[in-house]
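In the two complexes below, chain A is the common chain; its partner is chain B in one and chain C in the other.
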Partner chain A sequence: MNKKIENMKRLFRPRSVAVIGASEKFDKLGFHVMKSLTTGGYKGKIIPINPGAKEIMGIKAYPSIMACDEDIDLAIIAVPARFVFQIFDECHKKGVAGIVLITAGFKEIDDPEGAKNQELLRQKAESYEIPVIGPNTFGMINLVYDLNASFTPEFSLTKKGNIALVSQSGGMSHLISFLSQRQDIAFSKIVGIGNRLNVDFYEMLLFLRDDPDTKVIALYIEGVDNPSRMMQAIKEIHKQKPIIAYKTGSSKSGDKASRSHTGSIAGKYEIYVGALRQAGAILVNSAEELIDGAKALSTSSIPDGPNVAVLSGQAGPGMAASDMAEKIGLVIPAFTPKTQGRINELLPPMAIRTNPVDMGPAWYDAEATKEIIDVAMRDENIDSVVLLIMYASANIKAVQGITDMLKEWKQKKPIMTCISAPPGIWDNEIRILEDSNAITNYPSPERAARALGALWEYKKIISRG
Partner chain B sequence: MEVIERAIKEGRKILSEYEAKLLLNQYSIPTAREVFVRDRNELKDAGQTIGFPMVMKGCSPEITHKTEQGLIITDIRNENEASEAFDEIYEKIKHFKDAGVLVQEMVKGKRELMVGMIRDPQFGPSVMFGLGGIFTEILRDVSFRVAPLDVKEAMDMMMEIGAKKILDPVRGMPAVDIEKLAELIVNVGKIGLENEHIKEMDINPLIISGSTPIAVDALIVLDSA
Partner chain C sequence: MNKKIENMKRLFRPRSVAVIGASEKFDKLGFHVMKSLTTGGYKGKIIPINPGAKEIMGIKAYPSIMACDEDIDLAIIAVPARFVFQIFDECHKKGVAGIVLITAGFKEIDDPEGAKNQELLRQKAESYEIPVIGPNTFGMINLVYDLNASFTPEFSLTKKGNIALVSQSGGMSHLISFLSQRQDIAFSKIVGIGNRLNVDFYEMLLFLRDDPDTKVIALYIEGVDNPSRMMQAIKEIHKQKPIIAYKTGSSKSGDKASRSHTGSIAGKYEIYVGALRQAGAILVNSAEELIDGAKALSTSSIPDGPNVAVLSGQAGPGMAASDMAEKIGLVIPAFTPKTQGRINELLPPMAIRTNPVDMGPAWYDAEATKEIIDVAMRDENIDSVVLLIMYASANIKAVQGITDMLKEWKQKKPIMTCISAPPGIWDNEIRILEDSNAITNYPSPERAARALGALWEYKKIISRG
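Let's look at the complex of A and B:
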């Protein structure tokens, strides 16, 4: 067990990677894996294994791992299932630390032979103490180590950061990466645990607890064989690193024929959700909420309380954010008289000046906008800020005007924003602010408010003792 | 538990309401005061013990859906009404095993909640809390925790339902005694942990009388092989 977790460190930071089934042919997964490794900027040694090739993508190939005299830390396997047993034996002999088993055809197939083979393979891997990601997975990506051990090279375009995604679905992992690429959400690792031969959520959680590159753990869960182990790990880790989870399967309801009300309502999903919350995970209801919440947790501080100042350049977005904030249990309190007095001096009485503040009348006055934000975020009644600025030609200087102040403040209290403009305008300004964690920006006011909800949820979880 | 052992021996799949309540009492769960009667002679004493107005329910380990079968008569105000109600119910159930009529105090309270338990093959005993009565299955406004659970976790369950404001003071009714309710939820988890033959259970409705939760009906489903 400990050796296995220990080996996971080498699995994710290998000095050398063998690709078993490496190929020059586009219709082989081994081709795409080679492409991921080579274009992903991996700095270690790549060792293609293919009995029929001397060289693949210009890199010297070997007929088998035994024929290669180099040490191998990680073996990525992309050959048909029937070859896998023998390859596992060779990996053991060769001293391979970890395996990414892309090969399908195990537990997920209809034929019961699949499950039987997976169990035999599991016993083998356990006796060799080799951690195996997969089978039936796209692979894994250690972004901060420039290692793309998957069959999708474009995973490497995901921004480097401190969120680790552990996912039971390849499709959802791809989706989450693509959504995140468009919104500058940054990951340390993306791991498709597939059919979980001997690395399940439990092992991944234990590994990520001690992973210095990971600050936030995001889980996409469908269902596992031994949920209690996973819950135990979440219970142990969540105070150290926030764990945000998305569980699907709510459409499968309880046993309609059950005699009791409890039996007819209680589906697996409902119990999972209860157990995950009980263990200390933050629960969300969509892929979008998962990345939004993870982004907030990875870039912002945690608010002390539920009180939020909603500051908007225009009234509508402020209302949209306020509605969402109140719906999810955040509070929009009055400012202290001192703060309110100052805001009243800064804003002409043409719009609502109390929280939520319509800063519209200060449009042309970047200094006034800046000071309103400044006094609001320092107000002792306020635990966090939702700041909403929609571009208009006349306010083009608005973001630039608040950049230094926000960079200096650095989210001592969370500042969730929806700063929105046509592509090309403000992209740079927003990136500068986000790269220094001065704000956490979202595509809509509702999403900014809801992400703040995830932070407040985490605060409640860690405070409950 | 004695009642469970006996039921298992008899190869039964459920406990009667009366038996279920005995079990709840052993776990300090407050139940409506009630007396089980088999004939009209016993009814007279029961009337004096419980007092009017009262409720009568057909009771047998073979009965589950009492409302649907017209086996519950409420707001019985005097001895005459009691005799009529007894005859009406008894006529429908006399062919059932161990049939009798449960004479119960009429617990007053407009707020109906429920607490249940289901033994999940992976998670073990899991406790459910939510709206009771007819709203249970219409709104499915419920939350779950896995046993064992503590008082804080029971409080979290209460805060998780959409209708959580029902626990606050509403329309002249006092706030629900959430400490008592939490204790009750914790004890339902204990029942699940300590009685491996219970497969599912419902306390529904759990009526809030004043501020106190009282189990008015209970169903315990056994897993007798």
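Let's look at the complex of A and C:
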């Protein structure tokens, strides 16, 4: 076990990668894996393995890993299942530290031979102490190490950050990357654990606990063979690093789907969700909620309590955020008399000056807006802020005017925002604020409030017993 | 009343627009209104009114509308409240058909003078039979007529289509436009009714019922002074045109906010929502749900029943969509034996071939994928399809391969999709399919399924009693 976890470090930060089944043919997965490695910025040595090629994508190829005189840390396997046993033996002889096994045709197939072969292969991998990501996976990406060990080069377009995604579904991993690319959500690693030969959620959690690149762990779960091990790992780790989880399989049909495709039983949804929550995971209900919550946990501080100041450049978005905030258990309290007094000086009587504050009438007065935010976030009754600013031509300088203050404050208390404008407007302003973790921005007021809910949920979890 | 509704037609399709308070100074709303009109493609005559200017943005200006010898259909007023009474009188004398009253300082302010003045102004407008959008509004945009009568030029970037948004919040209207610009959701009109002098939801509903440009009516509601009139209008219209509504004000704090900012009481949230649903509106819980549902209603047919085929290029997204579908009352039934038989021929046994179908193994076989979708959507057990395809480099041709078939089928049964890829990839393929209403696409599987729920909700509403 220790050797295997030790080997996982080399697996994720290999000095050299062999692609077994490397190809120049578009219809081979080995082609796409080579593309991912070569275009993803990987700085180590790439070693294409293909018995029929001297060179692949301009890189010297070998007929087998045994024929190659270089050391190999990671082997990515993308050849038919029938070749995999022999390749595992060769990997062992060659001293390979870890394997990404893209090949399908094991536990997930109808034929019982698939499950039998997977068990034999597992025993082999365990005896060799080689950690294996897969089989039946798209692979994994260590973004901060520029390693794209997957069959989709575009994973490398995901922003580098500190969220690690461990996912049981390739489709979900792709979706989450594509959504995150549009929302600047930043990952350390994206790992498709597929059929989990000998690296399951359990092993990934232990590995990520000690991964200095990872601050937040996001899980997409369908079903697990040994849930108690996973729950134990969550219990041990969640106070150190927040774990946010999306579990599907609540539908009868979905449950059936999971049974087949990842070779395990999704199980009774409610039992799973209850156990995950009990173990210390933050539970969410959609892919968007998963990335929204992970983004908050990754970029913001944790609030001390449930009390939110809702500060809105326009009243409607403030109402939408207030509705969501109360729905998920946050509280919108009164300000202290001192704060309220100052806000009353800054806003004309026509505005809603109590919490949630309608800062509308201060639009043209950058100083007033700035000070309202400032006094609200320093108020002792307030644990966090939801700040909503919709672009409207006349207020084009509104974000610029509060940037320095927010950058200096740096979410000492969480500041979840929906700063929204047409594409191209404020993109830069928002990026500047987000890059310094001064705000955590969302596409809508409701999603900003709900993401704050994930932070508050985490606070409650780490405060209990 | 009839004359007023008649005048609304000219208000929304004016041959000439006067901007009272037109300005070349950035800090005047009249500057931004002039920008909106001049850059929004408006083809009628623009008449700037400003006592101190000969010309504004290169257009001849007049000191007052009385001094102008042109006919004026629409007057946009962006001057302080104290001038508005006299301007209304002049508008009447001049034969102005309608007014957009951007000016604030009426019912929404703390000072009771505000409400008193609004009532006096209302009586004036009613006696003149002039419909007034506002006061305290950003204005309105008739996208299909290239008329941007608002203080935000960027509303004109919203795609032209057949959804009319009537909104009680300027902030929400801006947000909805910005979100829609990113998702290619297309509107006929965006109307900020503000403090509703004499054009409330009721009048807008009656007007939109007969508006040939509008197929779907989306409402953002905080509170209404005379809810029974609105409910009556919804009751009368909803079978002709679907009405989808987002009501905020469920939180205690939010309720307070609404009371002030639009000059009415949001009221007991549950009573409102129940009455809206009873009257025939489809209710949603967020801005994103509002546009997602409106998009489905705007582009798709209505399903005959709740039975969905979930067809997924990758199993995980299929599970997420199935979970959401069942959660909101849709059903994932078995295919007919004939359909199932054909799918079994098209997919290897390793795939999940029953509903929800994992089409993964058919990735490289465009013909098989195409036929699976084809037989599923024609299946008599199936009322609608949720189709999920995540890009993965190897499947780059997947969307192209099914385009012709989907264009020909044209959502005879609804096809809600999440076809997702990194920015720039498949944008064109998706646009081609959406432009011909062959699919209705969403950012996530859960949102695709939930939008289908809005269609099914509408079917149930129009089928009852």
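Structure notes:
Methods note: the second predicted complex is superposed on the first by the 450 of 465 C-alpha atoms of A that agree within 3 Å, B and C clash if a C-alpha of one lies under 4 Å from a C-alpha of the other, contacts with A are read in each partner's own complex, and residues count from 1 in each chain.
Everything below uses one rule, namely that contacts are C-beta pairs under 8 Å (C-beta built on N, C-alpha and C of every residue); 3 or more make two chains touch, one makes a residue touch a chain.
All of these numbers come straight from a predicted model, not from anything done at the bench.
Of the two partner chains, chain B is the only one that A:Arg464 touches; chain C does not reach it.
Contacts of A:Pro227 after superposition on the shared chain: chain B is touched, whereas chain C is not. Of the two partners chain B and chain C, more chain A residues are in touch with C. Contacts of A:Ala67 after superposition on the shared chain: neither chain B nor chain C is touched. After overlaying the two complexes on the shared chain, residue contacts for A:Val273 are found with chain B alone; chain C is out of touch. Looking at the shared chain after the overlay, A:Ser250 reaches chain C, while chain B stays out of its contact range. With the contact threshold set out at the top, residues 258, 260-262, 266 of chain A are in contact with chain B in one structure and with chain C in the other. By the touch rule above, chain C contacts chain A in their complex via residues 26-27, 29, 32, 35-36, 104-105, 108-111, 114, 138, 151-154, 157, 167-175, 177-179, 181-182, 220, 222, 248-254, 256-258, 260-262, 266, 285-288, 310, 312-320, 322-327, 332, 349-352, 354-356, 358, 360, 364, 388, 390-394, 418, 420-423, 425, 443-447. Every residue of chain A that touches chain B in the complex is listed here, in rising order: 225-228, 231, 258-266, 268, 270-271, 273-275, 277-278, 464-465. On chain B, the positions that touch chain A within their shared complex are 13-14, 64, 114, 116-118, 120, 122-124, 126, 128, 130, 136-137, 140, 142-146, 149, 152-153, 156-157, 160, 199-202, 204, 219, 221.
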